[in-house]
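The next part holds the structures, each set out as structure tokens.
Two complexes are shown next, each including subunit A; its partner changes from subunit B in the first to subunit C in the second.
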Partner chain A sequence: MSLHGEVYERRLIWRHRLGQCFEWMCRLATMTALGMLVVLLGSVVVTAFTPGRGKGLAAVSLTTTGQSSPEEMFKVSNIMGGHFELKEKPDARISEFSAQQIRDNQVMFNHDRAAPVFDLKITSPGREPVTVIDVRPGNMPKDLSVPDVHPPTPAKPHGWLTLGFLTSFNSYEPTEAGILAGLWGSVWLISLTALMVIPLGVGAAIYLEEYAKPTRLTKLIQLNIANLAGVPSIVYGILGFTVFSRMFGLFDSQKTVLSVSLLILPSIDIPLPFGKIVLTGACTLALLSLPVVIISAQEALRSVPASLRHAAYAIGATKWQTIWHQVLPAALPGILTGVILSLSRAIGEAAPLTVLGIAAQLSYAPGRISKISDIVQHPEGLLKAPFDTFTALPIQIYSWINESSPNFQHVAAAGILVLLATLLTMNSIAIFIRQHFQQKIRW
Partner chain B sequence: MPSGGSSPTEAPSSLRRKFSWLRAREQVIQGALFCCALLSVLTTISIIYVLITESLFAIPPNTAFFQEVSPVEFFTESRWTPQYDGPQQHFGILPLMGGTFLITGISAVIGLPMGLMIAIYLSEYATPRARAWVKPALEILAGIPTVVYGYFALRFLTPEVLTPIFHDWLGLTVLQKNALSGGIVVGLMIIPMIASLSEDVLRSVPNSLRESGYALGSTKFDVSVRIVVPAAMSGIFASFLLALSRSIGETMAVTIASAGYPNLTLNPLNQIQTMTAFIVDVTSGDVVAGSTLEKSLYAVALVLFVITLTMNLISQWVLARYREVYQ
Partner chain C sequence: MALVKRFTQFVEPPPSKPGVAEGASANEPTQVPKIETRKMSFFYGTKQALHDINLQIRDRAVTALIGPSGCGKSTYLRSLNRMNDIIEGTRVTGDVLLDGEEIYDREVDVVSLRKRVGMVFQKSTPFPKSIFDNIAFGPRIAGLTKKSELQEIVERCLNQSALWNEVKDRLKDSAMALSGGQQQRLCIARALATNPEVLLMDEPASALDPASTARIEDLIFELKQKYTIVIVTHNMQQAARISEMTAFFCVGRLVEIGQTKQLFTNPTQKETEDYITGRFG
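Coming up: the complex of A and B.
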């Protein structure tokens, strides 16, 4: 049976409409995904550059009208929205003060969010104590007046991503918090990871691509690598925790310290089991990123044409000479791109590090090197750093996200910007290498 | 494994294998490279060893998790309260699995169709210019650390999007940590993965199939949906499996956005606990070495490992079969 004329035309129009509809839905899906990316980045940037709520200091005019005597004492409890402090000693929280102190404008109310709410107990000599529960601006006994709450000053008028944020350690005060420990920690972590993962990963890739014959063992290794790439990162965390951090409990929980001294170098203390040191984290991250590095290095090696190898063999080079002098240089841009991309993944990994129990906030950098000039002053720090405890960027961010004080939200956003900037730098290096060498090498 | 040619007949004496430093170096290097390759096998073995000795069978002085808690209780009990002591302590993994599958379900509802549609768009509709924009943007989406997704869910999605919709409009209770926000961001996270893997398989469908479709009078829609997608179905399925296994293993985003107490619920506005979030929760405090609580970490990790490994293996098997079709 065939369709003719009008019916056919109508159905054709309908089919085309359906097609257009579908195309637009596909476009919409793409735009939604990209839109979410924009919203995600936008929300982080906006939060990082929002001033935040700073201290609001208000003089307290808490007075009972009428027969208030200088000996009258106020005791506050259950304060929400701030705390009382003495003008002379800021940040020393007080809960008791006298009418005299108030009259002298000595008592201040320091708040960082909204109007204060508190319970008040007034005791004056020779009278029954009066207790007022839930004192707040709208709910006042008629002979009392509470502090006028002025809007707090912005905590950081120029945003949270400041030079101070990059160059100071963390603090309990959001405005003082800095990311220095995490930055150095991540630098050490990723350098050590790279030191381990590049030779191991590239070596494995060379073996699999250049040497291995298609035996069962090779197939097994290949399958195994593909599967390792899909193992959740937290499982690597458990592995690192047991093997590197605890070392199967072979050593006492009382830390054994292995002192190593090499010739002229100063002696280094290596804790056994490793515990929460940089090396533990680096070993774990190296195992985590190894499969990805192997796979990408294999692809790079595969793209080197066989003619290059044959030419080298033809002039009498051995296998390793061919690989080292011809194949590796040709595949290097591809390998480097893959390595940098997988390391930039590793920098952002928080899950395995939390399982290792890495400290969330520290006030020192590994090896006590927190400035470039520190390397000159005590160069032995460079050797000590891999065996020092540390924190890393994503871990610091995670701990800030969990803070209850709202200002830490801005700190977390600033931290995220630093992390993203690091990733962006690494990725652009990878892209640069790719572009730069692709133009040079033509087969 | 010695390499190099061995001659079938008696070789002249000058070509016979004699010891030379050059050849010895070649052998040593090959051996070293083989060890590098073997390291990955060693990693797998040690993962399995660590997980099994702590959860299934222990070396005698120690006891394994399943020697202290019966597997029947582990898989059927609906309470997960390992932090308590005595009779209050229950090890039933169902709430954790429920939480994990709730997150995975939500992420699948969001991620799978969107990822597939982006893949179809990229391989069938997009102009080269559009592709040049969309592909790097998807790579950025894939490269964002998971803590950032968690932050986005907790500090933006829940207070600015979900609470206005579900609480202010519909009058439902939205907790600060809820499964929905975590599921959404995990869905967002797996989109790039599905899109790029599926796009690869869609593009590898030979053009002759598309052209024969057009020759029969199909519209572009018919060709993409009725010819190309079915032809690439197994590859798409494999990418779905890989993506779902990733969202089962996803940790930080879920811990930050959704994780509270273990809760066997289907309400996406409630807080839940996933297997991964439980591991983070326990390890971020101090665990007593050798306690049942500590061993339960390994048991949970083993379950997680087995689930994700099975899914990865199936997806690889599907992909390997599929590759043979058009070659």
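Coming up: the complex of A and C.
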């Protein structure tokens, strides 16, 4: 070992090289993480803005499923839209099958009585019929293919994230599907969650940090809160289901409805047990985010310099005044950070809501408030909303992903973008508030 | 009677009694001490930090506490307004009397005690609020809400701490924007706002440059006409300049208390002499 001379010089070069290697490894890690995020976001954006397969005719093939049965089943595959017109010849009765009805690629009709003969007419909207097939019992085409006559016009050529998507409820038609119910549901859900979790979390943190004596019990509670922060969200779902949704089965399976009338305000119907209402979801998500809020608020309170407390005490402030006027404002930015983080996690949670069994798709928003003007028109909706059934953004997205029609994948991607945008909006509002408070507080 | 006296002091500090500060020795019974500790001991858990401190602090005078680091002088200072209560597991035995009344009695309200005995810390700790709100905080939490009264108090205290002319145009600005010396004077003004009788200062100038230190010293010189001041300092020149009485602490014991001039020129204890001549500590 020499601290100078050739050996030292050689070692110095290696030390520098090692440092460079380390820096590159860190850089690589950052770039990998960044790359993954870009790929993830990119794929969602691309899917959301890719035009879907449109209506019109693609290759059509008809297959009979059997002749012995009185019911003829036609298997129609590869049809993206258009009309099937089954015309019963004798009395010219027309039954129309819209694209929705042949969604499952099966058309079923009964023809056992008069042995009717059908014309199967395949049309594309706004066009002349292109194929007319004579269909009668015993004359079923075994395997009939209709060539691609009309190239499909793409659906939603400007992408799926449109104003219509944001302002309409869900539909079986992917091009008509909207996210309004989920958007309002999530807004209600997260507002109620925040309303519950902020006072509970901050209150608990203040008690544990400022008032509780460091006994063994306090330490045990601390440890358990830290553990709760790591409990999988689905477990909270089960808890919420038992406690809020079913209420331990204390009430009849048939819903009791508690009518609460408030002086001037219209009476509110509260279902007991809660069932699948917004409040159930909000309580569950509040429990889910509570540990993180408590821990981060404690951290924030702990980081307030002791000198500040001492200064307040020395002036003759009571403990409460010290906490309320000095410690809490100073800790507020840190507390808000924790609240934002945990609420961001909560808004994207699908698992606990799935366990609660909330509706995947609804065609109304909680309290029947689906636009701002509705609040003016029937303000009682604001009171009713927490006790109304609902759906949420992640649940809606999840149900779209499970749809068979490929166009729903685009709808799901657009939904994910809405969810991300909601998150970003929430975070930026919170960051704005935090900046506002931080400007006031300069150490 | 004591209550009436305290009340009048709250409303308006009585005029200073001239001629008392000079020429009186610590243990002369001519004057009732403002603060007195008798056989006072202090414990952090099981560790004893102060041993049987007998000390009398004169009204309307500056008493300096000097001694090497860790000698207990700050602990002593902080026990005079029960700031040590905040620390878990601390214990005081013996008597600590303010105007002849035990401050560690069960029925004494710490909050009103601290209103009477203000404190300025080594590190200036302005609240992260405006200059006005910093000073108005004390009166406000005590229940004073009238804007005109608060304004009056803020102006009086800033004048007393010689800060008014520097900040009168920016009372709404953050106190954090002030310089170190200004911040410390703000803290003094803030401590004055609740109209205390005693000011405890824990090395108030140790983090400041010489110019700011000089201003603080001038300020203390002004304030001692109205307030009883106890100051902990590491700077012996400072103690010599501003104080009437000096107490020398060493390893949790009060070694010597005497008039400043006498203690610095003719100490009775060997330890004191070693310390002030720089041979120790």
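Here is the rule we use: the second predicted complex is superposed on the first by the 309 of 443 C-alpha atoms of A that agree within 3 Å, B and C clash if a C-alpha of one lies under 4 Å from a C-alpha of the other, contacts with A are read in each partner's own complex, and residues count from 1 in each chain.
In this text, contacts are C-beta pairs under 8 Å (C-beta built on N, C-alpha and C of every residue); 3 or more make two chains touch, one makes a residue touch a chain.
What you see is a predicted model; the values in this text were computed from it and never measured.
Of the two partner chains, subunit C is the only one touched by A:Gln326; subunit B is not. Which of subunit B and subunit C touches more residues of subunit A: that partner is B.
In the superposed pair of complexes, A:Ala297 makes contact with neither subunit B nor subunit C.
By the touch criterion stated above, A:Leu161 is placed in contact with neither subunit B nor subunit C. By the touch criterion defined above, A:Thr318 lies against subunit B and subunit C together after alignment on the C-alpha atoms of chain A. In the superposition on chain A, A:Ser307 makes contact with subunit C only, while subunit B stays out of contact range. When both complexes are overlaid on chain A, the residue A:Leu336 reaches neither subunit B nor subunit C.
Residues 213, 318 of subunit A lie in contact with subunit B in one complex and with subunit C in the other.
Interface residues of subunit C, counted against subunit A in their complex, comprise 81, 83, 86, 88, 111-112, 114-115, 118-119, 121, 123, 125, 127-129, 137-138, 141-142, 174, 176-177, 187, 190-191, 193-194. Note for the complex: subunit B touches subunit A at residues 1, 3, 22-23, 25-26, 29-30, 32-41, 43-44, 46-47, 50-51, 54, 113-114, 117-118, 120-122, 125, 134, 137-138, 140-141, 143-152, 154-156, 160, 188, 191, 195, 219-222, 224-225, 242, 245-246, 248-252, 256, 276, 279-280, 283-284, 289-290, 297-298, 301, 304-305, 308-309, 311-313, 316. Taken in their complex, subunit A has these residues touching subunit B: 15-16, 18-19, 22-23, 25-27, 29-30, 32-34, 36-37, 39-40, 43-44, 47, 199-201, 203-204, 206-208, 211-213, 220-221, 223-228, 230-239, 241-243, 246, 249, 253, 287, 290-291, 294, 318-320, 341, 344-345, 347-351, 354-357, 394, 397-398, 401-402, 409, 412-413, 416, 419-420, 423, 427.
For subunit A in complex with subunit C, the residues that touch the partner chain are 213-214, 305, 307-318, 321, 325-326, 329-330, 440-443.
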